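Common to both upcoming complexes is chain A, partnered first by chain B, then by chain C.
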Partner chain A sequence: MSTLRRTSSLRRTQQRMAVLFTLPALAVYALFVLYPLGMSLWGSFFVWKGLRMVEFAGLSNFSRLFVFPSGARLYGALWHNTAWFFGIMLFQNGIGLLFAWLLFLRDRGAAFFQSVFFFPAVLSPVIVGALWRLLLAPGGVVEWALNGLGLHQGSLTVLGNSHTALAMLIAVDAWNWMGLPVLIYTAGLRQISGQIFEAAKLDGAGNARMLFSIALPLLMPALGTLTTLSFINTFNQFDIVYVMQGVQGNPSYSTDTLVTYFYRLAFGAEGAVGITDIGLALALGTVLFLILSIGTLMMLRFFDRRTVQL
Partner chain B sequence: MSMLSLHRRAALGLIGGLAAACAGVFASLPARAADSTVTLWSWRTEDEAAMRRIFDAFEAKSPGIKVAIQFTPDADYQNRLSTALRGGRGPDIAQLKAYGELQPFVEAGYLDALDDSVPELKNMEDAALGGARGRADGKLYGVPYSVPMMGVFYNQDIFAAQGIEIPKTYKDFTAVCEKLKAAGITPIATGGANGSAWELEIAVGVVGPTVYGPGFYDEMMSGKATFEDQRYVAALKRFAELKPYFPDGFAGIDYTTATQQFIGGKAAMFLGGSFENGSFKAQNPKLKFSIFPFPADDAGAKLYTSAFSDGSYGLVSESQNKEAATKVLGFIASAEFAQMFADELGWPPARTDVTVKDPVLASMMEMAKNSTPYLTLVGFRWQSPTASSVLQSEIIDMVEGNIAPEKLAADMQAAVATWFKPKQ
Partner chain C sequence: MSALAISQRPAISRQLARLPGWTVLVVWTAAVLLPLYILIVSCFKTTAEIYDNRLGLPQSFALDNFINAWTRADLGQNFINSLIVTGGAVILTIVVSAMAAYPLSRYKLGWNAIMLGLFLSGIMLPIRLASVELFTLMRNLGLLDSLTGLILVYSAIRIPFAVFIFANFMRVLPSELDEAARMDGAGEVRILFQIILPMVKPAVSIVAIFTAIAVWNDFFFPLIFIFDDRYKTVPLAISVFVGQFRTDWGLVFASLAISMAPILIMYCLLARQIREGVGTGGGMK
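Let's look at the complex of A and B:
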């Protein structure tokens, strides 16, 4: 009886100690994550003048968000983020998988190519954006190369064209982070037991069949991680647009994203159009928070169910 | 997509959502050592040396008052000022943007009205004062310093070498452009890619008044006309018509590149605002240039240009040092300041009682006599969405022919109609 009591009191002390040890982390988390999050949710229910909350507005910021003129910007940005996400899935994670598979099949020099692919990820998106802005400008290197190869004539204005600008930014973003899926997929492929591939080869499976029927299902955790990360990143897309097209997402809002729109509402746009609407910005922030949390949860569940255990 | 970037983006999001809420924390402390030191914040980092010389002259004749100027780059200035004011750590005197961008500070009660404390304001014209007026009470919340206007900067050496005179009519103007083009010189350097479309809005401000006329602003304000008016659409069309004379690859060229083409002598003309005067000179002291108003169809017509109040200096309500600060503001409102401002910076000062030495400035002040308010800024940049934000977004597509001028005008009208109430 007494031993039991002693162990239970010991356990209680241990629990108390555990709580005590997590307190500093909790305090930091509360101060820098929960408090600001709560404040911005709270602020989205107010009318703001300058930087002051003046009066309670109920849900009016939210209802304003979905109608003209804000609605057009919101749906436009939402569509651009979605297109961005699918673009990244295709051009970054898709091609990344292909590269990883090729590296896996031909082991020699894999580490070298991996670092080549990963190199742009070392650069800040701001530098990458500025770099590609120069390369893609009229009279830039890309124009010179395309004209030299006879693939294009005259000056290249892809970033000033509302039909092509978004695709260019997605491509630059994909280039920037290409190394990450290569890294993660290669690591995932190396974890799969070699016997499985050998068995498949004996059964007569080709390289493509092995990739799609064997490697891919086993790479589900890696794919899940990458998809979720890509989702969070594309819906928070800001820096590349900011550097390459400005916070208006020009031309004709064709590269506007939810966060550039948020930035304009909260801080005003470039070119001396510094009029802010913080209430609307915080409402948009809340919507973005909901999209991200619900989307992420759904994706995690989706990939969790599809993970194959061997 | 690295963790680093994730963290940074999370931080960005947090700051974004919350800068407003916990803003005061980030404000930096201005020095407030002695009572006689007046702190002044400005975004004109490029004018630092000139401003210092101007205030040195003030300090020399005002013993006991020192002016400490702090500069913050334009892009961060509004945020820094509003966070500081909210936290009660602002300067004594703040440089203020004009018109709509001034109002949040007035509405939030951060500034003192200056109508009584700075009597020199009465010597300024309404074109200068309009930008510093509180919208609700009509009081003056700042001492304006400049009334820039817009026009066609031209390279005098190129014009002389090609035997070109300043064009008198729009027809002459296009003939000049054709001649320059034939000689292998880009006629007009302009560009608004990569987030610098504000320059294209200014270019519309250069061309616009010659098409829609000086009375159009009042008609817009009273609700008699809208952006969909044929005259405004015609102004947009005229701007789009100039495309053949813009640099090759216009849609991909930004403001910096366009100014470099003009400064470097590759392009003969540049559509711009008065503030380019000092910066062109600083970047290429050898460049011989001047300015003329964009011509109208009719040779005899008075040529109108867009003018606006650039900004002002205001007294922060929470200043502990109001007496000295008011003296500094009195100096900024004086003819002496206007003279030094004109000499040092080469922009049209807020007061017209100055002796002008710089010939470019003289041409600009001559042009400013026939001015009409810069429509999109003075009239329609009070609330979001502004006419400017729509114009800046869609104008490249309009010049490129992807959007009809009528559509752009309709979009501008629809945007401002959400908040603009005409004064009958």
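Let's look at the complex of A and C:
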């Protein structure tokens, strides 16, 4: 009886403490994340005058978003983000897997290489972007090196050329984050039992065979994490574009992304400088929110199903 | 040692077989380190010397560029601002997230799963898309153009990740720990801060490191919320500076070097924890 009373009084104390302990985090998180996000989604159905909601407008912001002239910007940015995602999957996460495999094979010196490879990831993308803008500029050190090696002649204008600028930004982004896949794949490889590789080796499997037939299927959770992270990061791309190509995604919008476009609509500099279109910005925000949440959930599900259990 | 390092082949051919792999790794190491080397040596050169002498060491280790960057761009003030914002956000995030994670992971209450789910969903929420409403909210609360405002926003953004890490580490602690303390008459606040929190030190450092990196590096929120030069953080100042002095390369290189110095030092000291944190804690950015 007394134990029962003690348990139930402990339960009441715990309930009270749980509320008190959770409240500060919940309040900050709800006020500065959940509330503004919810309001943004709701606000995308309204006509706006400056920063004021005027009247309910149904889907009119969305229909404006998908037709000329904003449609051209939207589809351009959507394409750039998509290309960016596949570029990162191939050149960052793909090559990262190769690096992780090589480090796993030799083991010695792995910590050194991992630390060097990861270092750019702790730098602000603003610093990384500014640094590469200087290096890739006409007259910069990359131009000098390419000219010296006879691989290129004259002035290097890759950032000013609308055919190459986006690829350059993707490369800089991959340089920035290459250490991430290396670390995540290495952690994944370490979890695989050495006996599996030993057995494969006795059966005569080479390194390449072991990588693709044994390691890769078992690395599905790591690949899932990286794909999802890359997807979220790619579709939030802003800093590198802003610093290297300006908020318009120069030259002639060829590096424009969904978030740079959103920024111009929300905070000015789209069309006439300083003019904002909050209704359109919130509609774009809602579309981007849907792309991100549906895409992320689908990826998590996809990789969950393909996870091989041992 | 990984299992694969064991091999029956003779030593020399084993070394030869490793050559292509080594080459690839060394090439990428160079691709990471060369730009940083150029950044550092260029800080000591005039713009003319940067053109004449690309890769060599500077003729003299003059500090003019650093002095100019520090004084003309007022990087000192930006530095202090970034330190305040980063320190404030790290402390606030750790305290409130540890407090929330404690009951959610160690009490057996019905709504724990729902609350945890609510927090965890925040790891994926794209908060930048809410920046218009966030701007209005901050304006109404009088938090625009203030370091306090940035601290609150960053904490709010980092709380989901921190709750996730703390809850994962706290869940596996033996329940005898807090039960024994409770028998001795310790209150719940004391149990959390004097018993549980010291037991999850690795979680505290993971949260502290990744919050510090994310907040120190962020550019987007200062760009929207800060207008007054007095409150600009380092990344925001750098972006302005790079545009303003784009032809004075020595000066820009020096400002980049100054702004990455704290992260460089921190990284050299904590590289191991960071590597392991990424391996266990999953993503950051």
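The definition used in the following text is that the second predicted complex is superposed on the first by the 282 of 310 C-alpha atoms of A that agree within 3 Å, B and C clash if a C-alpha of one lies under 4 Å from a C-alpha of the other, contacts with A are read in each partner's own complex, and residues count from 1 in each chain.
Just so it is clear, contacts are C-beta pairs under 8 Å (C-beta built on N, C-alpha and C of every residue); 3 or more make two chains touch, one makes a residue touch a chain.
Just so it is clear, the structure is predicted and the values come from calculations on it, not from any experiment.
Once the shared chain is lined up, is A:251 touching chain B (first), chain C (second), both, or neither of them?
After superposing on A, A:251 lies in contact with chain B but is clear of chain C.
I'd like to know which partner A:22 touches here: chain B for first, chain C for second, both or neither.
A:22 sits against chain C, while chain B stays out of touch.
Touching A:49, do we find chain B (first), chain C (second), both, or neither?
In the superposition, A:49 touches chain B alone.
Residues of chain A touched by chain B versus by chain C: which partner has the larger set?
C
Tell me which partner A:33 touches in the superposition: chain B (first), chain C (second), both or neither.
A:33 contacts both chain B and chain C.
So, does A:125 touch the first partner chain B, the second partner chain C, both, or neither?
A:125 sits against chain B and chain C alike.
A:57 in the overlay: touching chain B, chain C, both, or neither? Say first, second, both or neither.
The answer is neither, since A:57 touches no partner chain.
Counting only touches as set out at the top, which of chain B and chain C does A:219 meet: first, second, both, neither?
Neither partner.
Name the contact category of A:170: first (chain B only), second (chain C only), both, or neither.
Neither partner.
Regarding the shared-chain residue A:77, is it in contact with chain B (first), chain C (second), both, or neither?
Neither: A:77 stays clear of chain B and chain C.
Go through chain A and flag every residue that touches chain B in one model and chain C in the other.
32-33, 36-37, 39-40, 43, 51, 121, 125, 133, 139, 177, 180, 229, 232-233, 236, 238, 242, 259, 262, 266-267, 278, 281-282, 285
Taking the touch rule as given, give the residues of chain A at its contact with chain B in the complex, in rising order.
Chain A reaches chain B through residues 32-33, 36-37, 39-40, 43, 48-52, 68-69, 121, 125, 133, 136-139, 154-163, 177, 180, 229-230, 232-233, 236, 238, 242, 244-253, 259, 262-278, 281-282, 285.
Write out the stretch or stretches of chain B touching chain A in their complex.
Chain B residues touching chain A: 1-2, 5-6, 9, 12-14, 16-23, 75, 78-79, 82-83, 85-86, 97, 100-101, 104-105, 107-108, 110, 192-198, 201, 247-254, 257, 377, 381-386, 388-389, 392-394, 396-397, 400, 402-403, 414-415, 418.
What residues of chain C sit close enough to touch chain A in their complex?
Chain C residues touching chain A: 1-5, 18, 21-22, 24-25, 28-29, 31-33, 35-36, 38-39, 51, 54-55, 92, 95-97, 99-100, 102-104, 107, 109, 112, 115, 118-119, 122, 124-137, 152-153, 155-157, 159-160, 163, 182, 188, 192, 213, 216-220, 223-224, 234-235, 238-239, 242, 249, 252-253, 256, 259-260, 263, 266-267, 271-272, 274-275, 278-280, 282-285.
Within their complex, state which residues of chain A touch chain C.
10, 13-15, 17-18, 21-22, 24-26, 28-29, 31-37, 39-40, 43, 51, 98-99, 102-108, 111, 113-127, 130-135, 139, 141, 144-145, 175, 177-178, 180, 183-184, 186-187, 190, 194-195, 197-198, 201, 207, 225, 229, 232-233, 235-236, 238-239, 242-243, 259, 262, 266-267, 278, 281-282, 285-286, 288-289, 292-293, 296
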